[in-house]
Amino acid sequence: MTLSSAAYGLLGALPATDNPSADFSDTPWWVALIKALVIFVYLLISTLLVIWFERRIIGRMQQRPGPNRNGPFGLLQTLADGAKLMLKEDITPAKADKIIYLLAPLIAGTMAFVSFAIIPFGGEVWMFGHRTPLQLTDVPVAVLLVLAVASVGVYGIILAGWSSGSTYPLLGGLRSTAQVISYEIAMGLSLVAIFLFSGSMSTSQIVAAQSSLWYILPAFFSFAVYVITMVGETNRLPFDLAEGEGELTGGFHTEYSSMRFAMFFLGEYINMFTVAALATTMFLGGWQAPPFIAAINNGMFNHGWWGILWFTIKMWIFIFGFVWLRGSLPRTRYDQFMRFGWKFLIPITLAWVVAVAFIRGAQLGFLGEGTVTVGPLGFNTSTLVIVAVVAVIALAVAWVWDGRREARLAAEQVSPPEEIDPFAGGHPVPPLPGQRLREPSVALTAGGSSGESVVSGGTVTAVKEEDHG
Amino acid sequence: MSAPYVPVLFMLALGFGFAALSVFTSLVVGPKRYNRAKLEAYECGIQPTPQAAGGGRVPIKYYLTAMLFIVFDIESVFLYPFAVAFNKLGLFALVEMVLFILTVFVAYAYVWRRGGLDWD
Amino acid sequence: MTSTAEAVAFWILGPLAVLGALGLIFARKAVHAALGMALTMVTLGVFYLIEKADFLGVIQIFVYTGAVMMIFLFVIMLVGVDSSDSLLETIKGQRWWSFIFVIGLAGLLIFTLGQVTFDAKTVQAGMDRLVANNNATGNVTGIAEKIFGQYVWAFEVTSALLITAALGAMVLAHRERIVPKRTQAEWAARRVKENQDVAGLPAPGVYARHNAVDTPALLPDGRPAAKSVSRVLVARDQVARTDGYRDVERYIEREIEEGRQK
């Protein structure tokens, strides 16, 4: 399938309604319950695996083996950690608000599981004599449901911080909340472009609409924004300011111990899977096989149970990205992080959404119906015009931006004098790269040159630090 | 299955059951050894302050962030149905939406200009 | 008109919503009250979902619990966690006026609710229309057609409301910076220029028993260095002294005794 015909598939695949395309009419309640149980176990096992995976990978990146004692390759390490946490004393600080202190980890642990109810794992299969999709459920507002559940999950963090009755948790909880809500806006806005293309918010419909072209291509910018915000949403490095060890010890969970602490940990890791699964569903075609494999034998690997395999692989690519980021980047500073979110991500994502709306409007023929024929392909004139306008605006903005940045850097640059007198200050000073040494004979022979040397000495100390590097 | 939200309830129940059970089990299984210092708030070894920082109050800065969050949240709430139904709405909705975004953008630009988005 | 499942859901969720509302009014601590409100809002959202208004229900949870409650919590924390309400009237006659307004509001609500026709046939007809619409174009599209059709004016006016909210927050909460903030580089440059603490302030010290920031570092002659302890701790009189550890054995014994009593 060529790209241009895929682009037309994008246009042609408009659904008549925004309702889910997955058919749950032949799914009795007990099958749904079994599916829920399986997803629950899948998530628990994934969490056990991912913690081991993360520690092993980071170990490799830091040239050490990582956990390798419990079980083959250390696979049972997480289980051992969990059992140990279970046997630890559960401490409630004397100043804590007892009820809310208990409620907060329960909220964090519970809400993490809920979002997976709407994630499609595969196509339709036969299960206990019933034809049912490999998805727990789907609703017309599925993606919004995930966002709503996430916003309830934030309560776990802020309540934990507040109820501990201690300074570090309070500050950590606040930071974390401000962080999550700041990046939630950019995340929500980046998804609007997807809805413009798919015409639906139900996950099965979005996956179905990507059968010809994954949205990572037409909505590449949304993808970039989403990937950045999903790291911010899950409080992971380089954005894990809520538990910056150097500043806040443990952040909101400083006072927590035993299983209550484990619940926050569990919540954090399952949230990683949730945002990764949503990214897979929204941008990478969900459970559908990659294009070349999908073409084999008339789509033999592209339906039914195979979906689980492709879905899991795609999701773990994102998980590896998380680990990779943690292995290679230092933590950002809080003000830089907030500035990036509010002053860059939000306005630029809004502009992108407007641009996509115009492109989409042109594609749908709202801005005129004329077409241009190039060879065998026909293009909508207004689409071409709008794409050209958007591209020109983007280029112009980038050009102005770059020019300003260059001017700012040039203004900061104070070029060192070409020649220095190494003995001007009384003791020898080495020259900067590219600087010429003044002939020492001047300083040595002419005794009256002291006034000149004071001036040159002054300019040398004014040289900025950046120029050394 | 006619009620699409019931499976969400299943998931909720499973998650809550697991969380509550494990917290409860650790309460039963774990040891209990009283120690006054252990129950005090953790402040890196110094004597804990009688109350959390600033009497449990937070910098007013966060209020502004929360308010701006609501503004953009509501904006995106309008964007969702617009995006979903765009193919049926037509040019009029596009113009309306651009007007709406521009109006909200005025507030955003004002807050930026006054320095409301700066953190220190 | 109502199915059994619907009735069951109502009788479970209805009391929960009322419970949350009562919690909002009667809870002693402000955060508990806020949680009660959150509970009510989530329950209302679930009610909308049951009544097949998918978008409205999820948005109710998304906006109210997520955003509005967040600001509510922030405001509470602004006021102070444990501050008890002052019963002093700041506006004269406030109590009587609020009493009159509450009566008026209650009257208005009862009057309006009394106008609603609540026979089974009308309700069923409305429900049928909603279901038909959900099947024909989808719930979200249906809402969009209302927003950008019948209620487009209200939609545009909302943007004015949002502007007002943002400006109001700015006026109330923003502190203008008069002098630019010093950066780290500027601080360092100033230290060098004034030739004071060029290498930074001394780090707090480590005594054998007590490894923490409230312990001053020791100068070469054995005196504690005052600059090494944060001035906040000095102001709170929390700087560690060694006298506390003289009777350390007695201290430990007392603690063991306390543990036995528990």
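Per-chain residue numbering starts at 1, and chain names A, B and C are given in the order in which the chains are listed.
Quick note on the criterion: a residue touches a chain if its C-beta (ideal position, glycine included) is under 8 Å from a C-beta of that chain, and two chains touch if they have at least 3 such contacts.
Listed by chain with UniProt protein names: A = NADH-quinone oxidoreductase subunit H; B = NADH-quinone oxidoreductase subunit A; C = NADH-quinone oxidoreductase subunit J.
Here the structure is a predicted model, which means the values were calculated and not measured.
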| item | value |
| --- | --- |
| Centroid-based (C-alpha) most distant chain relative to chain C | A |
| Distance-to-centre winner among chains (Cα means, whole assembly as reference) | B |
| Centre distance in Å when chain A and chain B are each reduced to the mean of their C-alpha atoms | 17 |
| Distance between chain centroids, defined by C-alpha means - chain A, chain C (Å) | 25 |
| Where chain B and chain C are represented by their mean Cα positions, the distance between them in whole Å | 9 |
| Contacts with 2+ other chains: residues of chain B | 5, 33, 44, 49, 51-52, 56, 58, 62, 66, 68-69, 73, 80, 84-85, 108, 118, 120 |
| Contacts with 2+ other chains: residues of chain A | 18, 139, 144-145, 162, 174, 181, 184, 200-201 |
| Numbers and ranges of chain C residues touching at least 2 other chains | 55, 59, 62, 66-67, 70, 77, 81, 137-138, 140-141 |
| Residues of chain C defined as touching chain B within the complex | 5, 49-50, 55, 59, 62-63, 66-68, 70-71, 74-75, 77-83, 137-138, 140-141, 143-145, 147-148, 152, 155-156, 158-160, 162-163, 165-170, 172-177, 181, 210-214, 233, 236, 238, 240, 255, 258-259, 262 |
| Complex interface listing, chain A residues touching chain C | 16-19, 97, 100, 139-141, 144-145, 147-148, 151-152, 154-155, 158-159, 162, 174, 177, 181, 184, 200-201, 465 |
| In the complex with chain A, residue positions of chain C that touch it | 29, 31-32, 35, 38, 42, 45, 54-55, 57-59, 61-62, 65-67, 69-70, 73, 77, 81, 134-141, 185 |
| Touch list for chain B against partner chain C, complex | 3, 5, 33-37, 44-47, 49, 51-52, 55-58, 60-64, 66-71, 73-75, 77-78, 80-82, 84-85, 88-89, 92-93, 96, 99-100, 103-104, 106-108, 110-111, 114-116, 118, 120 |
| Contacting residues of chain B [partner chain A, same complex] | 1, 4-8, 10-12, 14-16, 18-20, 22-23, 25-27, 29-33, 38-44, 48-49, 51-53, 56, 58, 62, 65-66, 68-69, 72-73, 76, 79-80, 83-87, 90-91, 94, 97-98, 101, 105, 108, 112, 117-120 |
